[in-house]
Amino acid sequence: MQLGMIGLGRMGANIVRRLMRAGHNCVVFDRDPAAGAALAREGAQAATSVADLVQKLSAPRAVWIMVPAGDATESTVRELAAILQSGDTIIDGGNSFWKDDVRRAAELKPEGLHYVDAGTSGGVWGLERGYCLMLGGDKAAIDRLDPIFHALAPGRGDIPETPGREGRDPRVERGYLHAGPNGAGHYVKMIHNGIEYGMMQAMAEGFDILKHANSPKLAPELRLDLDVADIAEVWRRGSVVTSWLLDLTATALAQDPQLASYSGHVDDSGEGRWTVQAAIEQAVPAEVLTSSLYTRFRSRVDHTFAEKVLSAMRKGFGGHVEPKASK
Amino acid sequence: MQLGMIGLGRMGANIVRRLMRAGHNCVVFDRDPAAGAALAREGAQAATSVADLVQKLSAPRAVWIMVPAGDATESTVRELAAILQSGDTIIDGGNSFWKDDVRRAAELKPEGLHYVDAGTSGGVWGLERGYCLMLGGDKAAIDRLDPIFHALAPGRGDIPETPGREGRDPRVERGYLHAGPNGAGHYVKMIHNGIEYGMMQAMAEGFDILKHANSPKLAPELRLDLDVADIAEVWRRGSVVTSWLLDLTATALAQDPQLASYSGHVDDSGEGRWTVQAAIEQAVPAEVLTSSLYTRFRSRVDHTFAEKVLSAMRKGFGGHVEPKASK
Amino acid sequence: MQLGMIGLGRMGANIVRRLMRAGHNCVVFDRDPAAGAALAREGAQAATSVADLVQKLSAPRAVWIMVPAGDATESTVRELAAILQSGDTIIDGGNSFWKDDVRRAAELKPEGLHYVDAGTSGGVWGLERGYCLMLGGDKAAIDRLDPIFHALAPGRGDIPETPGREGRDPRVERGYLHAGPNGAGHYVKMIHNGIEYGMMQAMAEGFDILKHANSPKLAPELRLDLDVADIAEVWRRGSVVTSWLLDLTATALAQDPQLASYSGHVDDSGEGRWTVQAAIEQAVPAEVLTSSLYTRFRSRVDHTFAEKVLSAMRKGFGGHVEPKASK
Amino acid sequence: MQLGMIGLGRMGANIVRRLMRAGHNCVVFDRDPAAGAALAREGAQAATSVADLVQKLSAPRAVWIMVPAGDATESTVRELAAILQSGDTIIDGGNSFWKDDVRRAAELKPEGLHYVDAGTSGGVWGLERGYCLMLGGDKAAIDRLDPIFHALAPGRGDIPETPGREGRDPRVERGYLHAGPNGAGHYVKMIHNGIEYGMMQAMAEGFDILKHANSPKLAPELRLDLDVADIAEVWRRGSVVTSWLLDLTATALAQDPQLASYSGHVDDSGEGRWTVQAAIEQAVPAEVLTSSLYTRFRSRVDHTFAEKVLSAMRKGFGGHVEPKASK
């Protein structure tokens, strides 16, 4: 099958590669011509512009957008919408806000254009392991593009079957899901990332407490020197916290148990924030997912103004003068 | 090798079974004679009392205690300590508080008795999958009992190796870890469970938000009917949140996406509380692990007094009268 | 001075009363004619419609809207905008979302209409104590209406002066603040309510722990029967937590230390949610304000789906069957 | 009445002063002779040692200990216990852990010694405003020392009466409370401080969001330059968050709205930690009180190990490299 890909960063390029390995044809475009040229050497057809890419595709066309969420995606959708034809499909594989998907799909529908929001998990490992796909859109479009999604998804592999799934949609076991109408794909991906934040934070806090088991704040007879790398490793074997995130932690700690190369500054992308927003709109308490987000906010500043307000109050009622030194 | 086992509940009995499958000999005792008799039919030697169990073992003896943490474990340790001989070893495989281990080991040492605190993860699946073991105690005792731990642990299986572990203790890859001196085993298990609470809560909150994506609180065009069973399943394939806890969630949701058979009342065992205590002693922030615990506390009451205080204040300043109805 | 008031609920009617006490003239309207008639008996001029109210006012007119935030306020602003004249002013005294103020003011400006967003705190006590006013809008409009705001605000009273405020805007000490351009008034009120949620929750949690100091979960020699009413009262005298919220708590507990008449169901208005949204937009961690909101969400359901997911996982890995009974 | 005071720091010295102003006689001791000499110049009788202080008091003696909680208090209690006589009373006015009070009182009882745990709030303002006292101990001892507590407490002042308190203990309105048996005084003080942490954090987060209302992360038309000093001031007048903590915040912000002289490093004393411990022992959720504590922990380190673990995972699955720069 034929697919156009706009945006050849790490994710976009590897998706193209995985599709080509499965025998699909890809027409590719990136603002940086070198990115297109590199994939051309691996068998893709490089386009010189969005318009050129559209021209190189046969109708009904399918164009996958893999550029940063927000303005870049929005302008690309608009540029495509102006030149695609009725029956063509735009796939947004980035991390768009799901309400933008709802709006865009409604805007494109009168033109006869299909829109698929494709939540895509897999990161740098997707090329080899496959991508977990969460799709939102109309059935016709998603069914027509099934060979693409089938090729990108990890497949059943050797993951044990879940009992009780007999008679359910077999695509799900292969790693791709038609989650619902437009917006549903990115909604499910958003919550996936929200959970990811929470699981990461749980793991991170646990290792922090392990690391401080020999804290000088503790009585000497109660201090423990623990090997966090070995602990992460042993938990990979039969424990309840077995997970891919633990595997990654074990790898990182095996290389450096101090993680000295990391500054501790932690970014967040939009999904964590939108997850909190969704929780609040539904009045669902989401303590852990929200705390995970706030930890990242806090990690990026030296001190908050809130902390200074606390110190000012403490000085006000108790005459406490906070030390300048840290730790 | 020979092992005595006191406490033949789900965990104790399955540990005995897994050991016998590996060719070890087990002398077993439970307050309920039926439990001993059942295992005797599978090849164990049933004792009629703790004293009888000790007598049936050859020196140097090893007795594994698998009874509820707290008073039951404490009294069993004391009963054993009174009749074991120098060179014998007591293994506490339950979920004891790690500071109790430190104390007990110090009390037993003058008698020449060894003590091993064995954090044991694996639950009802341990018999088949093996138990992840986190061990605290002196090297001599743990080395002598290596065949026992080796048999209980899951082994390497087909879990990919962690890069960078060359030259490290190979027992860890087999699923058992000598974590440090007494207390270290249960300390590591405690943090394991703390992380488990946090990961569970992250997963639970995410599914709650998915479930409410069609909330009547949302504008009709933004409501999504999502299939939580399919979502859990697809995430098992290549996503970042892949984990054993997700596998279990997928299984439960495949059986009943409403989880109608569950009351929502969630117990907690001591480890979650002790994890928070450890964090506070070290001055390590542990928002997520603590919130996970509080969620469980809250799940077990109809309403908190705190909520009534809030309502009383709201009525006081705003004349708000809270509705009685829920939702 | 003359003011039109639309919306004669508890807040609107008392604002009118306080203005009339200060010698101002009020033209009033409410969808319920009885509300207008009641105030007419106290000296107000009752209008039969919004149009009638506008007609009864002399240019430049000032109309205060005190109807529920959201659709009711929006439609009232639109109705007014269609019939007011250049130079007139609309004051939104409700709890509108501050971004709606920014938008509305921009929409009204081309018509020569002024818009003032007036965050109003004081609740049922405002008539006697005065209202704390946080105002957003252009200087001309706010200055022209100064007699209104001056009359509504509490005044200096016997509250001690804050040292270091010499030379600062004296209106602030009187209890009304021109916080900035449109939106600023409701923004400041929004954060006020966010803080209010957090302070209330802090108080509520503390009293919950006091109430449970005799919990059967504690060792008998460590159980304390505490008198929460007396505790609230004594803290009003010289303690660090002295506050109006504590006064209200003391009053409620003096009447009934069990607060048995309260269901524990706690509503939330928009400000708490918008405060969290503002924090997230700015990447400012706001753990306490957010937890306070989530507590209220949780108070309104019997059980969350999240809790059932937790139970399902616990059963999955440990065979735990949660009890149905509560407490 | 006569009182001995051991520990003449800010709190101890001012308590002595307030007692002397009320006509009581004080015998004082501090390890630093200069502290005793200073108070001697104001009318106190300075002792040269604990033994000397005891000798200078007439039976039945009352000795108030105002030294740091923990070892210093413990050793002073023991030193006193060895030389006091049956019928004498020790008052611990520091911030001791309430379970230590229970233990100490039980240890002293066989000697005929009374013990009063006196939670004392008022800080640097207590000399003028009076101290809010929360007392634990037996009725006889507390009644005998009533003149002392009466003199230290703020008295009714001009604080409005709480309706519904007719017939209740009038000492409470004067600002001192016999909270219950030993331990109850410090227990109530502990929860007071826990609430204080939560109220402070609520206030601090709110001002942080106000401060960032002009964040460059926001769209230019939605940025607000707010005057936090004026906002704090206006809220003192009729708003729901009126409180002493707000008064202190307003004072600090009037002096410097940037609070530039504060590092943002915030200490915590034991009460916040013990409050969390009490909540956990009772299984009472205390999200806000706990988060307030964790914020302080976080304020005292440059980065947590947890944050580095997060970065390591992010690099592992997504190839994300976190920037070194802050903000």
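Going in written order, the chains are labelled A, B, C and D, and every chain counts its residues from 1.
In this section, a contact is a pair of C-beta atoms (placed from the backbone, for glycine too) under 8 Å apart; a residue touches a chain by one contact, two chains touch by 3 or more.
Values in this document were obtained by computation on a predicted structure and should not be read as measured data.
Enquirer: Going by the contact rule set out at the top, which chains touch both chain C and chain D?
Expert: Common neighbours, chain C/chain D: A, B.
Enquirer: More than half overlap in residue numbers between the two sides of the chain A-chain D interface, or less? Answer same or different.
Expert: Both copies, chain A as well as chain D, present the same residues to each other, with over half of the numbers appearing on both sides.
Enquirer: Taking each chain's centre as the mean of its C-alpha atoms, which one ends up farthest from the centre of chain A?
Expert: Of all chains, D has its centre farthest from that of chain A.
Enquirer: Would you mind reporting the rotation angle for the C-alpha fit of chain A onto chain B, rounded to the nearest 5 degrees?
Expert: Superposing the C-alpha atoms of chain A on chain B needs a rotation of 180 degrees.
Enquirer: Round to the nearest whole Å and give the separation of the Cα centres of chain A and chain B.
Expert: Their C-alpha centroids are separated by 31 Å.
Enquirer: Go ahead and note the Å separation of the Cα centroids belonging to chain B and chain C.
Expert: Taking the mean C-alpha position of each chain, the two centres sit 46 Å apart.
Enquirer: Whole-Å distance, chain A centre to chain C centre, using C-alpha means?
Expert: 39
Enquirer: Would you pick out the residues of chain A that each touch at least 2 other chains?
Expert: Within chain A, the residues that touch at least two other chains are 123, 125, 201, 203, 205, 208, 212, 240, 244-245, 251, 283-287, 291, 294-295, 298, 300, 304, 306, 317.
Enquirer: Residue numbers of chain A touching chain B in their complex, please.
Expert: Residues 99, 102, 121-123, 125-126, 129-134, 153-160, 162-165, 168-169, 172-177, 179-181, 183-184, 187-188, 191-199, 201-203, 205-206, 208-210, 212-213, 215, 217-218, 221-222, 224-227, 229-231, 233-247, 250-251, 254-255, 275, 278-279, 281-289, 291-292, 294-295 of chain A touch chain B in their complex.
Enquirer: Once bound in the complex, which stretches of chain C touch chain B?
Expert: Against chain B, the touching part of chain C is residues 10, 123-125, 200-201, 203-205, 207-208, 211-212, 244-245, 248-249, 251-253, 259, 262-267, 287, 295-296, 298-320, 322-327.
Enquirer: Under the stated contact criterion, what part of chain B meets chain D in this complex?
Expert: 240, 273, 276-277, 280, 283-287, 290-291, 293-295, 297-298, 300, 304, 306, 317
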